[in-house]
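Below you'll find the structure, written out as structure tokens, and then a few comments.
Note that the chains take the letters A, B, C and D in the order they are written out, and that residue 1 is the start of every chain.
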């Protein structure tokens, strides 16, 4: 007991997320034992049973390190975000969702009503009475409450103050391991924490820096989709006319996707100091279109059927515009 | 992130009345007051308004505040930065503040002069200033780049303007390259017989200058050549010139002219003789040509076309003919460039009802110049197309292709005087009855109107009205075999039909057919009608927007010989001034690549037209060469990693300015309950 | 909502130092009147226009964005306005997908001599944006507060 | 290609030859003309000056009908006056809302409606030049008009003023020149090609009208034209019907047949003169056309109708005293 008392507290939480971050964390292998050896895990829904009220009972700032993954989609997410912020000394936005919205944030292109309707009416849904979830429901056991969806998804730091950012969908296990090491070394007084607000567990350059493919000057006359081409394994994917987010995406993943013959889709988010990730891609891709003729340019651009999906795949919530008009246009 | 939450800058804001130019539409006091209160939290410590900020008193005001209040940034709201940016930067400099920490925002050209609603204009001024303040926070102290000036100058075009410019510079002792597209310099002036209003012989006054230009030790004359490429920037241009093969070895040729006598091939000379006369396949355009060496025109030379003849070669006493000559590319470094490429004549075929090209005896002004020229095809005899008949009546039509919305809106400015000259010559040499058809008579320069009076007294008829049509369709016996000029005489308000033997179309001046390529080649811009744009229409008529490139003569707009000469000399003076300074200072607006951030994706690599971006394959990073960078910022905007930054126009500067500009209405938004 | 009747749009205009900004200067010198709704930013070249600027303007409360530069072929930097052209076409597609009407962004070529044209085009554009009504793109936070919870349609019994 | 077709009054009577030749050549070219049902007179050149509103209402009625019957198809008018009036009306229906309102009020009576700019009216020449083009026409030429000297006469209506149907240079058009060259004819320079033929001046002041015609004929004669080719029934009528009067008045000896450009195209297509209505002109074209070996059958005199037995005698009119 006394030993565990001495151990600093660790928490990990998933808000609007897929659970991939947890898996990546467990993927660190034995590293996870170091976590157990050096921390007392007080709250980690995936790994152990715990109740919100237990956390609420804790003293403010009593948790040393909280890895928060998942975006803020509903009032529950927001509530826990505030709660853990209060209880934690170090709050890390962990993984793409918490950092910039990730896939869940692509929902920001549509209104909640549309999303609900799609979810509960489309062919694949067996819902003959056209039922809808209700935030409040009188059940014999008493009033039931399910979390209320917000008009759109937000990133963690749009809701609470965040100490560190750890990008990736999910963050690479070796990066997680490195971060765990760092924190432990700090605990043992062997290292210093980086300045507040910095990005940890990632590189300072972009994916191209780690990509082994040969790069040349770029002029694109046609955009192709990956399923329509056989890519040359040694040449820059973008030069082959397939959108690749590598040039704009923070390094740190060892360029896994390009190495595996598939373009980078940008999960590590923007490079240092970039304000709007998508616009970096828009401007870069736009600049190398191989035509000066408006009609021709439009024809070439037809090769990009879903621009927002391609350029803001991971970053919509974190972008300047944050959400499309339908998402924030108040109905009725 | 990019917004300095609590700027620790001390900013001074200065709002100019510009007399009533700004204060007339904008409540400047209110604007200054607003800035002092509402922008305090952004670091504004003082905001003043003053009658004329650009006056020495106004500048002292700024300098005083910098010294006493220790300002670290200055925002001046006055006229366009293109007018007074330098003024206020200098003021800051004098007060010991880095000149680039000053931002001049325009509330005159962009506000008071274009708006009428006082409230709106005042609000907009506030927004503009807020933008300036947000932006200036992010300004960085910069030092202007200094580059040495290459003493040599390139003059393009060997017409009178170009010759004048070249001579002025050469006489001052600096090297000049004078490039001419044709075999000889002289330009249009060499084609004329007399010059208005003095009627002195064009050749007599031009040829001495030509000879001077041809022999001057400081002038390298490169005729039969064209500029094909221009690189670099003020002080350090690298120019590529295509020297077309002359097929005559200028080392050996002494210009005796035997080759021209012996050449069996006659060719119609469309350029110098305006299509009225012939030349040989080997030729100098005219006897006094400079340089005196002939050229062989490959397209028409029997030897080049059929492989036989070589008459010129046989008879050349100095064996100067060399059929093996090839086109050469000459490379040279120059510090500055003067463009004097002149004009082309409006093609009257574009006005079909005037019958030029269909009706034999309708002539263009240039054709008539050649007719009157003693050295011309008719030896100066004014005759009809048949070569013998002397016209008894001559009609001169003004404004052909000028002051006409179907063709050119502008006035070609020389046509009135030229037509008067024609009237005089025709009357003097043929005793013909001469009719001038004009819209307005424009004779504004020195002793021009006197000449008009003189021609009036000589009995020339002046009919005020735009000619409707010229045809040979006679209505009555009196019109038989004549050209009938149909015109409304607007002074008597009647339609008139004037039968004449000869019609001279006083065709307007137009930009060279290839003016667009020229503009592109030298990175200049043309106005809608195709003349090159000067830096300022009144105060800077010979400079262009591009440092180190000047314009002279008709390339800038229609003008007569005196005006062209003046501009040639003015441009030369500018060039000499710069050369004297030995070096030019350039705006330190440059792009730089953060080597650590750059991942070598090479997106930027083919975006720079100045080839300023080089890629280090070894380190897989790109780098910008500041000497070549022109500061356009295209690569800055393109870098996907945000690794390229641009001084003077950084992301932070622009983004903050946007915030500032929107500050006001964002407030309004908040005021309005959503 | 701001009432659309007397709605005055705010438009951010990006101009290039060599052509369009000088066109604006010329409009001023010639005292050609135009709508006061446009607030100009001077860049060295339309090629400097980073799409981020446009997004910033819209998210910051602008109702429209005007992008202007030298005529194709007349760029002071030879061909950089073509880069602006390419980016513009791509950016416009993104904006449309984000629900911003294409009529809220305009690309305009104006030479230094075309003050009158610039003024005229600005008037047309202001009119066009005025017709579209206010955009007032709101920061996410304020929306969330504006409609803390979304009411779903009732379940049929 | 399909078009709505507005023949106009002249083509039904004096310019029947124009009508027939137009239809004749349209077949091989694949030019389908659908005549507007129940069209009315365009008001020619005067009526607009007499009663603007009524005139435009009448003209616009045709446009409204065309739209109703054939939708937005282009409307072809071979007669220059019809072409001008129809396109003029269309232009004013756009430019002059008050007028448009009144016109539509009138049209409403026949429950018709027309918005300016809906129907583009085009002259036959325009259509042939732009939609078909010289090569397409050349392709059907079997008997090029080698050696026939043609003066191309446009008249004053189709080239000016602009309006919507504007094409070619108003002062010195060349499209007909090119068209005639493409079918092998020699086109002479004809400076007065766009000058006025006098229109209805023949009814107001013979002398002025005939002088205008004289100048035209003289100009064509000066350039040794065998034929003056027109594209306007008015021009054809004036130059043809009054040529004799011109000769009488000015002691001239002009004998220049006036034919329609469609007739020339027809000849080049190898069609026989009769189908093209050649022979109906007053100034006999035989001599001119003989140059290119075209036979024109003599006009057979109208057959006398034999009175039938049942027929009752006509009442005798009293002698005028």
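Note that contacts are C-beta pairs under 8 Å (C-beta built on N, C-alpha and C of every residue); 3 or more make two chains touch, one makes a residue touch a chain.
None of the values given here were measured: they were computed from a predicted structure.
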Of B-D and A-C, whichever chain pair has more C-beta contact pairs: A-C
Centroid distance [mean C-alpha coordinates] between chain D and chain C, Å: 53
Length of the line joining the C-alpha centres of chain A and chain C, rounded to whole Å: 31
Inter-chain centre distance, chain A versus chain D - centres from mean C-alpha coordinates, in Å: 76
Where chain B touches two or more other chains, by residue: 607, 634, 637-638, 651, 655
For chain C, residues contacting two or more additional chains: 50, 52, 56, 79, 83, 87, 138, 146
Set of chain D residues in contact with two or more other chains: none
Touch-based graph of the chains, sorted into line, ring, star, complete or other: other
Pairwise chain contacts, counting only pairs that touch as defined: A-B, A-C, B-C, B-D
Chain D contact footprint on chain B (complex, rising order): 351-353, 355, 358, 469, 471-475
Complex contacts: residues of chain D adjacent to chain B: 169, 171-172, 174, 189, 191-192, 195, 211, 215, 218-219, 222
In the complex, chain A residues that touch chain B: 204-209, 215-219, 236, 238, 246-248, 251, 270-275, 280-281, 283-284, 287-288
Of chain C, residues touching chain B in the complex: 1-2, 8, 10, 12, 18-19, 21-22, 24-25, 27-29, 31-34, 36, 39-45, 47-50, 52-53, 56-57, 60-62, 70-71, 73-74, 76-80, 83, 87, 111-114, 119, 136, 138, 142, 146
Complex contacts: residues of chain C adjacent to chain A: 50-52, 55-56, 58-59, 72, 79, 82-83, 85-91, 93-94, 97-100, 137-141, 143-144, 146-150, 152-156
